[in-house]
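What follows is subunit A paired twice: with subunit B in the first complex and subunit C in the second.
Showing the complex of A and B:
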């Protein structure tokens, strides 16, 4: 019986003319030259450098999240193309095609599950990637521009999710898109319901909402437009930005961390490429297992006249949905998201701190890390409130309260400053007061140039608020819950909005200081407005109806 | 430059010919640099115009949407209070008061979800962001910026209510009058 000589077969394959014609390079001897040649001579791998700093291989440093995001993007492209073979984007057919995918197409359910779960995983991975890059100061010079591209890619990842979940044409789809496009209709100037919109001639059939919908209501054109955006237009833009993103990583080199004395670069093949494959394979396996265990949600077929009660966005947009409870649509849906995107892009140009590059340097950049994480935590706290604490009629339900128990009708809201009959106090008093509070909060930390004791400040402030709350409770104006809310929200905004900036950025130059503080004070404004609504049932602190300015 | 000096011509043997008329060379009206800048300008104008045309392309000229007018059936068939009979088909509540009818468009003025009527609390409540409205459509709680819209409603000679959602009003003082209110005193 002849023995199977595996080594001989391997040699025959690798030395064959066919193999040599496909893969460049001579006989593989695993020399450094071979490894370099393997990277340079391969179109897919040649975006890598030949050698890389050893820190690029450490999972604890990179979290592997950039690579995993890209792996998920590829997985989404593959599963998405597969789904396109069975899906027709028309109102009469879309929902039926999804049902067919689930119950009549071999592997249809699995592929749809994989597409949905990979999309959600990609949102998580991209956010985690951003957090990692922030915490290691990896956006600093010369990587400012690439951070900006990353922010755009995060935005587009969310937009791809948004355009994607209209396609099944179920109740989640139609109401999410109704709300989303009505937010666009509330854009200042460009939307028919936005401030100044009607002044420049915006109507329901010529504004930005109209182009998104392809009509005046969510309908056939809307589904087609979102389909084209989801499957072709946005992935194309993402692809272009990804090429830029990777190219800049390559050009700017992997890390700006100062070199250690004995640090020597390692070969990308096999060390980095191996880890990339492990990351991609692990991600695929994870998505496959999840898709077998858990089916993607599909609600009842879309009904353009009746909304599910309560109607909630997918989890990554529930934070935005919760924000819309406290602010007018053009503020919560357009201004604040715009500020978040612009603010994130601006970070590398504001943060001139030369320390804390290439390591988790908590002590070297306390202000930047704290404020950034505060933003991330607030975003997820809003998601938690919207997801877990909101019940029927979007009323506040604690986890131990049954949704079958209808909440009493909420008491009438009121506005503090506004025109006669709308506000409790005159508008002309409110404008300087609220404006002064906003401007003063921005300027104050820099105007006090001496070192203050944070502990004494916080202690005094909290004691004052507690005394105020005690008086309020004694007068019967509020209960214990309201008192706790007041203490929490006021304390948090005082600490993050005054104590921290006063301690850390009072020496920053004026332009950078002002941009930073506008972003900080807007963030604190969100906390204060939430406090005003939850504690005192205030609808607007100041309302100027003539220019749709309600805060 | 030639090195050798040319011999001086003898003016008698070789009289100097009359000077040929100078050819007219047009003075350049535009320098090379200006020309290039004009070219770049035109290219930029072309791209701007293309972008504008592309944006215009996204605004459809003809849209196929259902009529906003419908027959809500005999007025006499409605009881006092809020009727949700047409909610599922036409997204409208027909509300009968002791003196007549108004039709309220069931679209939350916040971001366009459909509120639900809670008769025991006398409220319309929106399931998306928690806006609350009174029976008349005024905002009482939640983020909605303005009252619910009332649609034009006519009492046809046949006794049917004709509702037109394309004609809307929500200003107090106007919305209580025709054509947003149909008088109907008979019981």
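Showing the complex of A and C:
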């Protein structure tokens, strides 16, 4: 009776011409040569090095967020391509195709949910990745350029998500995109509503918003443009930048930490690859379960004649929308996001602190970490306010208040400097005064060469503000809420905008110091403008209607 | 956990999640209904086969039963390309699917299994399902395959299935002659009531009627976002608040219209007469209170009629049946004047038979107390509500025939209103100019009738 010799069969299969032609490298013996061969012999795995520093493998160090972001990108590509088989980007068919996916296509709802939720998760994962890289100082020399590519990838992730938002062609979609693209119309010079726009001949039908929309309002052309950008143009650019990003990571040998004496690299196969697989599998599992349990939103079919109230941008842009309460669109929608992007890219070039590379060094990088986290917290706090606390007519509603209870329109606002200002102080006084204040705040911390006591400074400042508020309240000019706002916003901007820089970066060289302080003072400007609005109901500090310039 | 274990577990879990997703998709809500329909029909056929004496016929029936029992599960749909509909209703309501049930009849009594009622009636015969689909008449979401979704009982589907007599509104969509149709009696009575109470005095329909308020020619398409910002909280039907939010789709256009007839519209749309929320006072709804004149069933009839007022649907021209030419009654003099009064909806503001002017919020009238700014708001509101349109017989006595004709022709502009509370809102309702709308002969007779009912001033002046 012939026996079944498994070993022999295995050998015959693995040694067959067919097998050998597909998988090279002979029988797997788990030698270092085998492991290296696995990476080198595979075009996909070859973006990895053969060996990697062991500290780059620690979950507590990397959070796995970069890998998870890429896993989500792959997941989105996969589900996105599947969805493309069912979706036609015309206003007559788009909404119906989504309904078909929901009700008639096998696994259509699941696919759409997975695509939707993975997109939201990717925005969060990419931001978390950036926060992690910042906190571990992993952007410092020689990784400055790769950090910049990362910032571009974050921007493109948001843009991908934004362009996809329009495709279901429901009320949620067109009004969110209307809010988003209207901000583009306020771009300085290039937008018809932006400062200087009309001077260079920008009209509603030739400016940057028109280019984006393919019309003067969200319509058929916009849908096609967003579809092509979403499915082809932007993913291509993202793909190219991703390869660059990964290649640089490989060339810069993963972890940024200085080498320890007895550090020995380990094989990427299996040590890194298995972790990547588990991260990706966990992410996929998470998205799958989320997609089974919760359906993606779909509202009534888009109707350009019926504005939803409130109309909100996609959640990751709601923070900027919230800033529209305090700033003109060109500032909230163009200048500030532009400053954020440019500022983020500039960080590695202005941060000369050699310490705190490759570890969570809170004590060694107090200024960088505090200011960066302040920015992140402000970004998400504004999102929370805009998303959860704004109701009909964009009025403030606490979570326990019903949106059916209508609120009074906000009281009339006033402007400090400018022809229409209620105070009506002349513009010529306002420009030097506000410019001087801005410039002074930038220069002052460096001009005081002696280190001041933070506690005494803060104590004195808060006492002064409290006294001011008390006087204001006694005169009946403000209530307790306004007083609290004054204390909070002025205190915060004084601490982050003066005390901290004075202590930590006054010794920085002038060019780096100036760039840093412009970014810091602009951030404080947001807090101060919020304070001016909430406490004194000021709309503009300075308004120059001739060139639509309002601050 | 080692990575080897994590690898196996995560793969197993992903597979399990996929199976879960697939099972959820596979066990779509429509499936049990369709399955049960096949079983029930097969049972009926088998019973017939058992009762059949002729073995050949019995075999045929048995084969039919077997085929029915093993019919494939599928999403069935009626594609009505003319009317732009893809109605998947027959996926569950299999008895109404001509391919599965060619006779369109069965003995089941329960939905969704039972067949369409009255399939032999002229009404159904004239509207074959394969040509018209389901939602052309019934409304609802034809593309959906879930119970809530298909009936339109979800938040973002604004045309839920029409309930009860309201479905007669569907006749109005295409049939200009619906008043002569069997089966559209309620809608016809709705139109009659609409005219009788003078709604057309303020609300035009497709351009015919007054200009005081909105044209109701497309009222059935009114987006809910425009209904006080999606707020039905103040609409009470039979004295009860509607079930919260959108359950079973009670927040629909039918209840919005009905709410204006069975409530005082001022309670439905109170707005902001004391400028609490806005810089300027905004008067409440200018619509009169019809609760004393129109009963609940009558309100339902008006709702049925207005449910057919849609412009959203693209109904090909050949589907429309024109109305017969309007016939004017052969009247003359004061009798014709009274007819003219009702034809143009004057009673909408001046009351049935011009007996009593209706409410004109914050207009000054003799029934009110002297305005006093210190009066509490509630009392002020009551006083403002006492403002009224002129009660014509009290007023007409001092007019000559020519003056009266001129007055009706020119109207009274809203700005000429005398307000009771100078701080309050401008009265909403005003007398529009009827010049060119009411013909010269009609005007003469109208004036004749009005003067005939005017109270004569016997005091010697």
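By definition in this document, the second predicted complex is superposed on the first by the 529 of 551 C-alpha atoms of A that agree within 3 Å, B and C clash if a C-alpha of one lies under 4 Å from a C-alpha of the other, contacts with A are read in each partner's own complex, and residues count from 1 in each chain.
As a working rule, a residue touches a chain if its C-beta (ideal position, glycine included) is under 8 Å from a C-beta of that chain, and two chains touch if they have at least 3 such contacts.
In this text, all values refer to a predicted model and were calculated from it rather than measured experimentally.
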First (subunit B), second (subunit C), both or neither touched by A:144: neither
First, second, both or neither for A:281, with subunit B first and subunit C second: second
Which of subunit B and subunit C A:303 touches, first, second, both or neither: both
Per-residue contact with subunit A, leading partner among subunit C and subunit B: B
Partner chain in contact with A:103 - subunit B first, subunit C second, else both or neither: second
Subunit B versus subunit C as contact partner of A:326, first or second or both or neither: first
Which superposed partner A:291 touches (first subunit B, second subunit C, both, neither): second
A:267 touches, of subunit B and subunit C: first, second, both or neither? neither
Partner chain in contact with A:404 - subunit B first, subunit C second, else both or neither: second
Contacts of A:34 with subunit B and subunit C, given as first, second, both or neither: neither
Residues of subunit A at both interfaces, subunit B in one complex, subunit C in the other: 303, 305-309, 392, 406, 408-409
Subunit B residues touching subunit A - in the complex, by the definition given at the top: 55, 58-60, 63-65, 87-91, 106, 110-116, 118, 121-123, 125-130, 132, 140-143, 145
Touching residues (chain side subunit A, partner subunit C) in the complex: 96, 99-100, 102-104, 106-107, 109-110, 170-171, 270, 274-275, 277-278, 281-282, 284-285, 288-289, 291-292, 298-300, 303, 305-309, 392, 404, 406-409
List of subunit C residues in touch with subunit A within their complex: 3, 6-7, 10-11, 13-14, 17-18, 20-22, 24-25, 75, 86, 88, 141, 143-146, 149, 156-158, 223, 225-226, 229, 231, 233, 276-279
Sites on subunit A touched by subunit B in the complex: 175, 178-179, 182-183, 186, 205-206, 210-211, 214-217, 219-221, 303-311, 321, 324-329, 333, 390, 392-395, 406, 408-413, 537, 539, 548, 550
